[in-house]
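Input: structures, listed below.
Shared chain: chain A. Partners: chain B in the first complex, chain C in the second.
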Partner chain A sequence: MATIDLIDLKKNYGNVPAVKGVNLKVADGELIVLVGPSGCGKSTLLRMVAGLETVTSGRLEIGGRDVVKAEPAERDIAMVFQNYALYPHMSVRGNLEYGLKNRGTPRAEIDRRVQEAADILEIGPLLDRKPRQLSGGQRQRVAMGRAIVREPAAFLFDEPLSNLDAKLRVQMRVEIRKLQRRLKTTSLYVTHDQLEAMTLADRLVVMNAGLVEQIGTPTEVYDHPATLFVAGFIGSPPMNLIDVASLSNRRGLDGLPAGTDIIGIRPDVLFLTPQEGISLSMQGTVELLEPIGGESHLHVRLDSSGQSVVLSVPGRPNIAEGSAVTLHARVADIHPFNAQTGRRTDTAVANL
Partner chain B sequence: MVENRPWLSFLTHLVLIAGVVVVVFPVYLAFIASTHGSGDFMRGLVPLLPGPHMLENYGRMLTQGISTAGAPPVSIMLMNSTIIAIIIAVGKIAISLLSAYAIVFFKFPFRLLAFWIIFITLMLPVEVRIIPTFAVVANLGLLNSYVGLTLPLIASATATFLFRQFFLTVPDELMEAARVDGAGPMKFFRDILLPLSRTNIAALFVILFIYGWVQYLWPLLVTTDSKYYTVVMGIKRLAATADSEPLWNLVMASVILAMLPPVLVVIFMQRLFVKGLVDTEK
Partner chain C sequence: MQTKRTIFPNKFLPYALLAPQLAVTLVFFIWPAAQAVKSSFEREDPFGFRTTFIWFENYTRLFSEPGYLNSLTKTGIFAVSVTLLSMSLSLLLAVAVNRVIKSNRAYTTLLVWPYAVAPVVVGILWWFMFNPTIGIAPYLLRGLGISWNHRVDGNQAMILVVIAASWKQISYNFLFFVAGLQSVPQSLNEAAAIDGAGPFKRFWTIVFPLLSPTTFFLLIVNINYAMFDTFGLIDATTNGGPNQATNILVYKVYADGFLGLNIGSSAAQSVVLMLIVIALTAIQFRFIERRVQY
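For the complex of A and B:
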């Protein structure tokens, strides 16, 4: 149980900055998800916390103790790797015990913790098997077990689910969440999958190009994306970002804050029928209809700019490709941005 | 290739059997010769069936040797060869493992240079550098000793290279997981890297044991005391007798004896590394 504080943490590889100054306070027992596109520095950040990468500058505290110079083993953390990194020649029990043995934990205590972890993860019957005799999901459990038996101050997860198939991924995601709630261990979790990020996180940290774009709860980040990057990254299908200058009919946009030159509209608040209140309407041509089950994604090319936008419509509407449509959006649902700064223009979002 | 053509399988078997005969026949002949009396092989008609003198020939070679040819009993030479081959194989593996570990897992200045310098020595086998090596060993007073016989042969670029290639395939995460688990460099090496290299070590041991066993030129140079003769160079001594016909029956008995240990090593270790190949881990 501990807090993790990152204070202006930076990492350079030679002259190339990978992490350009990150400030983050992780509260005790909190699960923070670092999310961002590949190469944004999220894994580097996690590995710095683990002690597997050196810190170029800044402070890093785990449980109030400065650990910048500490070896990974001295930081009281446990890490779950993307490819599990189980020791292939040891049995599952051997894998779970190894870290404890190296720390000189008494035999009785080791047995108790292994048994406990095996019960929690339901891997009791697998204890005497070798990792190669396990399925992907079972290996994932063992990797988690190896973290649990250590009873560390913090768990670090480095894209732990990306090697699993889609169904198992959803299942393990739920289990990780339940487990973390139950153990109340401070956790940092890196992923590029925004669905995973949204469902797991107490708070999300959206990163891009070595910088933090936004920190907030998943709903905050979804409802009030602080920057254009966050707006485009979180949400599936992504938010439609439309250049205000390209719109032929700007009626309804007068109320937006000064400096707004890009508006963002989520696909689920674009409608084919006129809406109540002040709203924006745009003419377009249907390009493609993608039925995905309960709803369909309609790709529409706007007549004014030739830009393609996506809207989600419930059910399977009977619209022919090539037909002309009018799209309506309530002004209240519009996210205003400034292209120059990349920021929101209405309310400044805190913790940037 | 699963093909059901009787003629093809007949032909392939024919070629296989012919190959086996070509390889095995000289060995068979050596064995036959070692079971006959001293003159039987010189009569012009080479016998193809075992003779009655087997125990006598082998017994004599193992216990007495041929003093006129300056060769000690084969048992002594076999013992020497075994000791030397084991020291060379174990030494080569130990040194190569450690140097490959250093090159792959540690970041030190001139790491790549160190690797290439080791690699370049591949181009300088013992035969090329034999005079300077002999001078060094002689000046160190290591002639007629096991150290002198083995030390110059122990450094091995080939084995270092093989282990390097293997270590490069070990995922970095494994080392990182071990670091998080509190294993220092030597603990990681002992607990994780060594067990993973088991099959490679077994395979290399076979190759290097035989390499050590068949050394001829180097033992010939550094040994003058018959206490340190190895069996491969000893055989040469047995065959090169002055003023008389070589005692082929006894020479062949030594040859058969000299062949046995490497064969045993191959048979025994092969089981080990085939097992290793079957349940491949990593």
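For the complex of A and C:
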């Protein structure tokens, strides 16, 4: 049980900055997901918290204690690695016990905790097997178990599900969420999968190029992306970002805040039929229709600028590729951005 | 591991392609080995006029001869010492180099050099350094109050050949250990660090067990090396002396056969050595087939 505070945390590799000053307060028992594209510094940040990377500057506190100079073992954290990092020459039991033995935990206590973790994760029958005899999902559970038995102040997850197949990933995602709710252990979770991020997080930290773009609950981040980057990164299919200057018909856009030169429209609020209230309409040609089950993604090339936009439509509409369509969007659903600053122009979004 | 299979349309082509290697093996290995086995059952008179077939007498004599039993013991001491010394030092060096990130290529290159030196040259090199009359090592040792003369002191002679033989083998072991260390995933070390294990504990409980296939392979290779590849080195430094103190089996084969001209006994000793090599190789193959044991 602990809070984690990052105060202007920076990391340079030589002259190359990887993390350019991150501020983050993780509350006790909270699950924070760090999400961003490859190379955005999210893993580096997590490894700094774990003590596997040195801190170039800034402060790092776990449970109110400054740990910048502390060894990984002294930070009272447990980490789940992307490749699980199970000790291949030890049995599952050996893997679970290793950290406890190193800390001189009494035998009875070790047995109790291992049994408890095995019960929680349903890996009891696997305890005497070696890691190579386990499937990917089972290894993942053992890796989780190794973190649980330690009963640490915080869990750190470094893309723990990225080596699993799609079905198992969804299943393990749910289990991690349930487990974290049950144990109420403060957690930092790194992923590049925005769906994973949205479903797991109490709060999301969206990172790009070593900086935090936005911190907020998944719904806040989805409903009010603070920057153009967040707008394009969170949501699938991604938000359509359209240059205002390229639109031939700007009727309805007068009400947007001053300085708005890019508008963002999510695919699910673009319609083929006229909408009530003030709305924007755009002419286009259908390029491609992707049926994906309950809904379809319609790719439309706008006549005014040649830009391609995506809208999701329910069911499987009978629209021929190449036919002309008119797209409608309510002005209330439009996200206004400024291209120069990259930020929203309507309301400033609180970060922290 | 994937093996590439080629299918030859012509039945004789594969044999033709194998023929040169088979011929070399046959003429230079199999045939002399067969000759050795044959001679080991024979006795030749001093002038080479007559050979008599005497069944196992060469062997029974061999194992009742104190000189041979002494040589067996010396070989054991020599092989174990060389293996332990060269393997432990090279593991230490490999671990050290593995920790250096920037200049590890330079260190690796330097550490591999001794392997390029011929055994006889290695022998001469150490012979000079430890030469009781002109060598630098005895001079320094005298400062410490140790009088070094491996021409007289059998133990000192043994130490000298062990050092020389180990020095040469360190390069080879080092390369394998470095490769082995690099195949241990960094994340295991990190996981163990988070699990509260210090650097030494991490090495002995995580890294060393994962190196065990490499270690076992090197163990066999080193024993083989110490027992059979050190002839030139012994010949250049001590000639098996003083008083048989460094007369290991492979040197004794040469000394008895070519210097003492006792062909029958020498051949019997060769056959015994051959059996040892076969046994060691069999152990190694069996292990490699089963592969990694964790």
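Just a few scattered comments:
Everything below uses one rule, namely that the second predicted complex is superposed on the first by the 351 of 352 C-alpha atoms of A that agree within 3 Å, B and C clash if a C-alpha of one lies under 4 Å from a C-alpha of the other, contacts with A are read in each partner's own complex, and residues count from 1 in each chain.
Just so it is clear, contacts are C-beta pairs under 8 Å (C-beta built on N, C-alpha and C of every residue); 3 or more make two chains touch, one makes a residue touch a chain.
Remember, it's a predicted structure, so these values are computed and weren't measured experimentally.
Overlaying the two complexes via chain A brings chain B and chain C into a clash.
By the touch criterion defined above, A:170 lies against neither chain B nor chain C after alignment on the C-alpha atoms of chain A.
Contact with both chain B and chain C is seen for A:130 once the two complexes are overlaid on the shared chain.
With both structures placed on the common chain, the touch criterion links A:278 to neither chain B nor chain C. When the two complexes are overlaid on their common chain A, residue A:72 makes contact with chain B and with chain C alike. On chain A, the surface patch touched by chain B in one complex and by chain C in the other comprises residues 50-52, 71-73, 77-79, 81-83, 85, 87-89, 98-99, 102-103, 130, 146. Against chain A, in their complex, chain C makes its touches with residues 185, 187-188, 190-198, 201, 205-206, 209-210, 212, 294. Contact residues on chain B toward chain A in their complex (touch as defined above): 171, 173-174, 176-183, 187, 191-192, 195-196, 198, 279, 281-282. Within the complex formed with chain C, the chain A residues making contact are 50-52, 71-73, 77-79, 81-83, 85, 87-89, 98-99, 102-103, 130, 146, 150. Those residues of chain A that touch chain B in the shared complex are 50-52, 71-73, 77-79, 81-83, 85-89, 98-99, 102-103, 130, 132, 146.
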